[in-house]
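Same chain, two partners: chain A is paired with chain B first, then with chain C.
Moving on to the complex of A and B:
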């Protein structure tokens, strides 16, 4: 199978998923459309022999980001689950024109760009690891630290809520006990 | 000589079978056609083999599981369909086909139809990177291990979609639990594999098997601990007892696939079985030396080398699956809070310790002697065993003491309500 066929099929998959993600009225289906689109992109990476990138794309975006999105959708959705889609009809035509001109501009730029020689071969996981822990150690560690802080922060916020709840529960219990005691005293 | 050649042929029988098919094709087709088609046909042959292997294994795994669990419970198990109930899976399959397909009112019909089909697809791809024998990896990626993890990560959103599309409370609760569980146990699983990748110096599954030629990873202190963590975490990820919280019958009817009947249910069943089986295969690959024969003293070496590499792999694969059945027949189910505490407070720190132990082992031993050549002395190895095992044991004892206290605190206020 010539790579062109695979490329077109994967690109269409990615685009179709993207369209579903944007136009689906149901938030959950939109998230699934996003997943399809990300799969298409992962396939394109695979086609370019960037296996590491393809696998990480699936691992991080499909297995991580999409799951987070789905969780958010499930926790926030209300009755009916269809989005109130507000379409401003006056903006449809300008939107299409703007999108088309952007696409045209990108296409012209890509076609006219002089690609010299063969593209560099994809970086292997080994080289990637060596450079992350060698040359780019400081930025890598800085990002890790940032993520750690974010994770701890999220945890603190979540726990704060729970502590509030527990305090409220205790207050309620105390009130009830008092009421009960009062009732008994009244008798 | 004769036996050696026969054993060699037997070892390569599947590879030669595929070569035979390709040769036939090249004889039948004109040259340039063959050149254009051969990669496609080669891929088709391999994927057909995987697509046949997995469901057929699954059929007999269900039989094996029912038989074995029956024995654990002092029953006989299926014994009506065929000799020793061997045709039971086929009878089950026919039953599944004939069942009514029930779609709950208010369900998302399209997703309810689509998700059961989608959920098995990533599971099949798990088998592409498992080395079934010498030179028998369907897709020998240099990031094979990561591919396996990626393909199993795809299951999380699909499980949630399965629950959500029914718009019914038990499946939604089951899928939420399932997602929380998979995400929690994914972390120790991946961290333990990090230790494997560190020691093998590669992420390719076939190269990891080759790296264990001298010594299986389970025969090192970090490998032993890592293997235990891996088996526990992968059992949990595959939603099997004692971690089958997502479908705890007593509280959630049947978890995320409550509202699926007939063949749709069979698809979920198949995905679950096959991912557990594949996890066993990965454990065999990364800790038990994959398709390598076990190291035996000299006079047995001849007998061992006659057994083809794929048979060794299958032996280990089935042994791993039998352990899962054993778990199921023996252990009661965890409660969801205990389950998550177990993942975060014991397995996660233990997997970090495994990484540290792997590093100590690697730099203490392998950097001393020439790699592959004459190893460092036995005394040094013993010292390394002591150091690594000491580290792991101290960690384990400390963590389990903390966890034990936590569990007893969790249980105290509930004991009355749960008393039989």
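Moving on to the complex of A and C:
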């Protein structure tokens, strides 16, 4: 397959997935659209000879972030009502205008700019690892620390408050018992 | 034909879609999805522009893209945890219901 055909197919995949992710009324479908778009971008990475990055994209984004988002969709779903996405009516037109002007502006600027392209050269995983653990060692360690802190912080934030829960449970039990007692008395 | 420009145009269109979604959607998770789209467009730009640099520097662009992916993952973890905690408090995931700090 000539690279132009592959590029057009992958770009259309990425953009179509993006449109679904932004327009779909169902959050779950929006997450699936994001997944499609991320796959398309991974293909574009592959087409630019960034093989390692493409694999990382699929592993981390599609396998991690998207699954996380779908979990969140399922955890925040209540009788199907919150699956529906509505738009903020006041912000639709500004959103379209801002998004379109940003996209078209940068696109026109990029098309008119005189770039001198060099032939795509593959960056091997060995080179990438050498620069990650050599030139970019400090940022690399900082990012790993950031991930650790984010994971611990997310656990702290998302944890249910057990004490409050138990108190509520007890209240619920008491109410239930009272209701049962009342029902029996009524009979 | 297949130059950096083509990739940059695709990335800018993806970014524009993300901007619209982050502004106009009312569901917190949908906004997070749009932010992920924008971050991905930036990563695509890093990779395609790094190719202009020739081989020793081309690794730098990919390292930046890896950093973007890692930071986006951290952002998604924390964002979704906050959305879960807010959902427990407000029983809704709509952004304009999150008015706990308003008096």
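Everything below uses one rule, namely that the second predicted complex is superposed on the first by the 128 of 187 C-alpha atoms of A that agree within 3 Å, B and C clash if a C-alpha of one lies under 4 Å from a C-alpha of the other, contacts with A are read in each partner's own complex, and residues count from 1 in each chain.
Everything below uses one rule, namely that contacts are C-beta pairs under 8 Å (C-beta built on N, C-alpha and C of every residue); 3 or more make two chains touch, one makes a residue touch a chain.
What you see is a predicted model, and the numbers here were worked out from it, not measured in a lab.
Chemist: Looking at the overlay, what does A:63 touch: chain B (first), chain C (second), both, or neither?
Modeler: A:63 contacts chain B only, not chain C.
Chemist: Can A:3 be said to touch chain B (first), chain C (second), both, or neither?
Modeler: Touch status of A:3: second partner only.
Chemist: Looking at the overlay, what does A:145 touch: chain B (first), chain C (second), both, or neither?
Modeler: In the superposition, A:145 contacts neither chain B nor chain C.
Chemist: On chain A, which partner's contacts cover more residues, chain B's or chain C's?
Modeler: After superposition, C is the partner touching more of chain A.
Chemist: Applying the touch criterion given at the start, work out whether A:174 contacts chain B, chain C, both or neither, answering first, second, both or neither.
Modeler: In the superposition, A:174 touches no partner, neither chain B nor chain C.
Chemist: I'd like to know which partner A:52 touches here: chain B for first, chain C for second, both or neither.
Modeler: Touch status of A:52: both partners.
Chemist: According to the stated criteria, A:29 is in contact with first (chain B), second (chain C), both, or neither; which is it?
Modeler: Touch partner of A:29: chain B, not chain C.
Chemist: Chain A residues touched by both chain B and chain C?
Modeler: 31, 52, 56, 64, 71
Chemist: Can you name the residues of chain C that touch chain A in the complex?
Modeler: For this pair, the touching residues of chain C are 1-10, 12-21, 23-27, 29-30, 32-34, 36-37, 40, 43-44, 47-48, 51-55, 58-60, 62-63, 65-67, 69-78, 80-85, 87-88, 91-96.
Chemist: Using the touch definition up top, name the residues of chain A that touch chain C in the complex.
Modeler: On the chain A side, the touching residues are 3-4, 7, 11, 14-15, 18-19, 21-22, 27, 30-31, 33-34, 37-38, 41, 44-45, 48, 50, 52-53, 56-57, 60-61, 64-65, 68-69, 71-73, 75-76, 78, 82, 84-88, 91-92, 94-96, 98-100, 102-104, 106-107, 110-111, 113, 115-118, 120-121, 123, 127-128, 130-132, 135-136, 139, 143, 146-147, 150-151, 153-155, 157-158, 160.
Chemist: Flag every residue of chain B that touches chain A in the complex, lowest number first.
Modeler: Where chain B meets chain A, its residues are 39-40, 108, 111, 141-143, 146-147, 149-151, 153-154, 156-157, 160-161, 164-165, 172, 176, 179, 183, 202-203.
Chemist: Which chain A residues qualify as touching chain B in the complex?
Modeler: Contacts found on chain A: 1, 26, 28-29, 31-32, 35, 51-52, 55-56, 58-59, 62-64, 66-67, 70-71, 74, 124-126.
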